[in-house]
Each structure stands twice: as C-alpha cells, then as structure tokens.
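Structures follow.
Okay, so subunit A shows up in both of these, paired with subunit B first and subunit C after.
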Partner chain A sequence: MEDALSSKMAEFMTALDQVKKYRSIVASMPDFTLILLGSVVAALSVNVSMRLSTLFIGRNDGLSIVAFFLIMLLFPAGIITAILWVRRKMKSVKVGQWKSTLNEGAPGAIELLQDIQWDNIFSDIRYAKLGFFLYGIAKILAFWGLAVVSLFVFNWLVEFVLHMSIDYITVMLFSLVAVLVLSRNDLRKRYEQMGRLDWLMWELRWFESEFKGANFEA
Partner chain B sequence: MNSREPISKPDLYVLARIIKVLKERKSLNRTSLATSTGMSYDRLVKYLDWMSDKGFVKFNSNDEVLLTKLGNETYDRLVNWILHYVGKVRFPKFSN
Partner chain C sequence: MKKIWLILALTVIIVAQVTFMSSFHSTFTHSYVSGTSAVVVSKMKYAYARVSIDILSSHFNSTVTLTFPNGTQQEITGHSYTMEVFLPRTGDFLGNDAIGTIITTTPNSPTDSDYDSLPRISLSSKHPVDADVVQNIPSNFLSWYDNPNYEFYNKIDVFWFEIQGEANIFISGSGMAI
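What follows is the complex of A and B.
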C-alpha cells in the first residue's frame, strides 16, 4: 500500500517536473527572438557592407559570392542556435528534487502534498501552454523565413539560367505550405502536449478541491 | 505556538513520521525517537501526549514509546486515505 502511494506520488511529481520544464520555454522566448533577430541583422549587415564596399571601392572580386554564402549560412545558423538555446534552457531546469523526500515513504508523500503551492502550479501550467504555443509559432515563422529566402535564391537561379520566374506571392505561399507539411509531426506533437497540459490542469483542479475539502479523522 | 500549549490539530506529516519510526523500531525512548524523527524533544513530547490520548501509542515499564494496534491501523488508514485521492488522478504521459 505504501509502495503504491509512493509510486503514484512519483507519477504526480514527475508530471509537475515536466510542467516546470515546459514553463521554462516562456522564459527563453525573449532569448529565442533575440538570437533570430540577431542572425537577421547580421545577414543584413553583411549584405549592406558588401553593397557599400562595391559602391565605394568599385571592385567586387568575388566578394558578393562570399557575402551571399555568408548570408545563406547566418540565417539557418541563427535558427539552429535559437532552438538549441531553448532546449538547453529546458534541460537546465532542476527536476527530481522530491526523490529524497519520497524515499521516506508515506510521510514523504504527505510532506510533498502539503508543500504543493497550487496557485503556482496552475499558473505554471498556463504559462507552459502559452510557451508551447508561442514557441510553435516562432519556429514555424523562422522556418518559413528560411524557406522564403531559399526559394528566392532558387527563383533567382532559375531566372538567371532559364529566364523564367515564379511570382513573389506564389513563393511565399508555397514556402509556407512546405514548412507546414514538413513540420506536421512537430505541430501534432505540440498540439497533443497542449491537450495533455489541459488534462493535467483539470485533474489537478479536481484533486486540489477534493483533497483540500477532505478531513482525515485520526 | 506556546511551548506548553497542547496540540489541537496535528501535522499529518509529523504523525506519519513518528508512527513509521515506531513501526520499524518497535519501541524507543523519547530522546531516540526525537532524533529518529528529526524533531525537537519538546515538540515530540507534545505529539506523544496527543497520540497517547488518542490511544495510538503507549509507554512500557522502561518509559519507552510503543505503537498500539490502533496507531498501526490509523497509519494504514492515513496511507489509504491519501491513496484514495491521489490514486484517482490520471496523470498524462508527456513526451520529451
């Protein structure tokens, strides 16, 4: 019986740890945005520098090709760095600190339940959902931006070689559809996780009201 | 809380700790029990008074504390009571 309680409490605390991890996504969103914007600014700076040098020095000497590859590298590097940054932040969240308390058995389980700050937990779940949503949108927008740039380059090459091109709106729409199709697994997973957070919220709300209202008669 | 004031509403965690130690060690004197439960002696004595009034513990001729059958049953009831609530919660499985 005591083992059953410990195991159920471990399940309980693991779910709360997961919420803490997801909650950290919101906190890392400003960093995520800054890294992405930084890569865009860096790419634009390279482009502007290249154009200014051509204008003032008057010679190009393959500089535009170097700049082109640099710009093409900066944006994907920014996206990858931003995603890795968010993952790193998520992994750095301290979890499992309750394990030593739960090793005490039933008294540990009681202590953990008594120490739960319900308002903070419900707020964390709401923030975790918001974080999931914003991170999902930001990732789609970043990949869309990358796809648009890549397709413009491709379009430019096709125009250069075959003298035919696709209009801008088609490029934008096609790249958006391509990104959505390629990210469908990620989107589905994100949607399911948000559903699970809702589920957890309802279960914990029920538990909080039942457990708080209950009175153990010794 | 006044140090002489008796316990009106005991902390379930403290109760569970005392009973768990007594379940494992059978009988203990107050000082050893205070050390084992990590409580101050005064606080433990107040809890033991309350538990003795309720019939959860008794004292033998050496003045050692023993857990009664009722105390044992109460602990099981407490574990069952919590499990009754926690056991009903269905936790979703999150993937990383």
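What follows is the complex of A and C.
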C-alpha cells in the first residue's frame, strides 16, 4: 500500500514537473517573439542599407553578395536562436526536488500532498496548454518563413540559370504544405500531449476532491 | 510588460521598413543594336535612379561610338565598356496626380500612334524608373522632350545617348521613389 502510494505520487509529481516545463514556455514566448522580430528587423535593415548604398554610392558586387548571404543567414539564425532559447528556458526549470521527500515513504508522500497548492496547479496546467499550443503555432510559422525564404532563393537561382520561375502563391502554398508534412510528428506529439494535459487536469480534479475528503495520519 | 512594448516597437519598425522598401524599384533590359541606336533612361521627377549600362562590342575590331546630347563623343575601343548614370530627384508632384499619372510614350514621338511597336518610355507610380534601347533613331530623336508644351514635360526626366556600331547592351537600374 505504501509502495503504491509512493509510486503513484512519483508519477503525479513527474507529470507536474512536465507541466512546470510547459508553463515556462509561456514565460519565454515574449523572448521567442523578440528574437524572431529582432532577426527580421536586422535582415530588413541590411536589405535597406544595401539598396540605399547601391542607389547612392554605386554598384558593388562583392558587397551585394556579402549582404545577400547576411540576409539569408539572419532570419534562419533568428529562428534557431529563438527555439534554442525556449529549450534552454525549459531545461533550466528545476524539477525532481520532491524526490528526497518522497524517499521517506508514505509520510513524505503525504507531506508533498499537503504542500500542493491546487489552485496554482490548475492554473499552471491551463498556462502549460496555452504555451504548448502557442509555441507549436509559432514554431510552424517560423519554419514556414524559413521555407519561404529558402524557396525564394531557390526560385531566384532557377530563374537565373533556367529562365523559369514559380509564382509567389505557389511558393507560399508549397512551403506551407512542406512544413506541415515535415512537422507531422511534432504536430501529432503536440496533440497527444494536449490530450494528456486535459486528462491530467480531470484526474487532478478528482484527486483533489478525494484528498480533501480524506483524513491522513502521518 | 516592457517586453510587450518592445514587441510592439519592433513590429512598428518592421511595418515601416517594409513600407520604405516598397519605394525601391528596379528595371532591366537587354538589346542587340547595329547602326544608329539610342539608350533612353527615364524616370519620374520625384524618383532617384542609378543605371548601370554595359556595352559589349559584337566584334573585336568594330568600333562603337557614343554621342551624348551635348555633342560629346566617346569611342569605345575595348571589348566592353560600363557606365553608371545617377539621376537625382528633381521635383515633386503629389496625391492623385502622382498615383494617376501613367506615361507610355514612344521615345521617337510621344503622340504618333504609328510608333506603337517601338519600345516605350513606360512610367507610373509603380514603375517610376525605366530604361529602353531604341534602334534606327531619326535625327530629331527626342526633340519633343524639351518642348514645354509636352504634357509630361514637368513630370519626367530623360537621359539618353546615341550608339553607333554593333553592340550588345545590358541595362540594369535601381530607383527610389520617395
């Protein structure tokens, strides 16, 4: 009975740790957006500077090539940095601090249960779901942007070499379909995880009502 | 909360940058010429333009001569010759006048519709910089341009020069209408 309680409690606390990590996604969404927007501003600034210098100073092929590659690098670099930043924030969330308390057995499990602030946990789960959803959307949009930029470069090369080109709407639609197909595993994982969070919420609601109705003696 | 304002500020900057970028325009043309031809670069007065003109002789021994409107002549002896022309902003017209002005005129004659098959100076608010190569030009080429009665005289700038000889001409230009 004691082992079952400890094991159930370990499972429960692990799920809560996961919620804490997802909750940190919401907290890092402004940073994610700032990094992405910053990279777009930087890429557009290089583009505008290059156009102005070509117009007012004169054509400089070397500088144009450097600027072109800089523009092509800045946006993908922004996406990668933003994703790495969110992951870093997620990894920095302290988890497993309950393990030492749980090692004490049933008294430790009951102590952990008594320390739980239920309202905060339900709020955290709601935020975790929101963060998980928003991050998924932002990631798809960022990869779509990257795919569009890459396809435009490819289109430009095809036009340059073969004198053929794909129209803009096709480029946009094709890149969206490609990103959705390539992200299908991530989308499925995200959908399942949202379902799990819903399930956890219901389970906790039930657990909360049971726990509040029971009398524990440590 | 500060981050939200920073996000708003960056979004405003991006919208401003994209709007500013819409004022940049480009033009490109390529042509093979022989006999007496002309390169015509035109722009709306409210636009800046820089045009790069590459002239490649068709034969190594052939001579290509450029004649500018003021009578100056330049003989090109090498295989290739590149020149850059910068046309500054020289005037302004605003509102519907700027948006609604669409100029399509043959360089030889702005009024004669018999010249419809010839290259056209084609300018509008969406294409404020243009470059054309016109073959077999008459002696009074572009004489209309200095005529103050020409309805678009106060709206466009035209730079041109004659080319005598056989050559391939590549013109690429960029402009900014602001």
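Definition applied: the second predicted complex is superposed on the first by the 211 of 218 C-alpha atoms of A that agree within 3 Å, B and C clash if a C-alpha of one lies under 4 Å from a C-alpha of the other, contacts with A are read in each partner's own complex, and residues count from 1 in each chain.
One rule holds for everything that comes next: contacts are C-beta pairs under 8 Å (C-beta built on N, C-alpha and C of every residue); 3 or more make two chains touch, one makes a residue touch a chain.
Please read all numbers here as calculations on a predicted model, not as lab measurements.
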item: Three-chain arrangement built on subunit A, subunit B and subunit C clash or fit; value: fit
item: Which superposed partner A:E111 touches (first subunit B, second subunit C, both, neither); value: first
item: Touched partner set for A:Q18, first subunit B, second subunit C, both or neither; value: first
item: Most subunit A residues touched (candidates subunit B, subunit C); value: B
item: Partner chain(s) touched by A:D31 [first = subunit B, second = subunit C, both, neither]; value: second
item: Which superposed partner A:S45 touches (first subunit B, second subunit C, both, neither); value: second
item: Which of subunit B and subunit C A:L200 touches, first, second, both or neither; value: first
item: Touching partner for A:L55 - first (subunit B), second (subunit C), both, neither; value: second
item: Partner chain in contact with A:A4 - subunit B first, subunit C second, else both or neither; value: first
item: Minimal inter-chain CA distance - subunit C and subunit B, angstrom; value: 28
item: Shared subunit A contacts, counted only where both subunit B and subunit C touch the same residue; value: none
item: Touching residues on subunit A, where the partner in the complex is subunit C; value: 30-31, 33-34, 37-38, 40-41, 44-45, 47-48, 51-52, 54-56, 58-59
item: Subunit B partner contacts - residues on subunit A that touch it in the complex; value: 1-2, 4-5, 8-9, 11-12, 14-15, 18, 22, 104-107, 109-111, 113-114, 189, 193, 196-197, 199-200, 203-204, 206-207, 210-211, 214, 216, 218
item: Contact footprint of subunit A on subunit B as seen in their complex; value: 10-13, 15-17, 20, 54, 56, 74-76, 78-83, 85-95
item: Residues on subunit C engaged by subunit A in the complex (per definition of touch); value: 3-4, 6-7, 10-11, 13-14, 17-18, 20-21, 24, 48-50, 52, 84, 86, 174-176
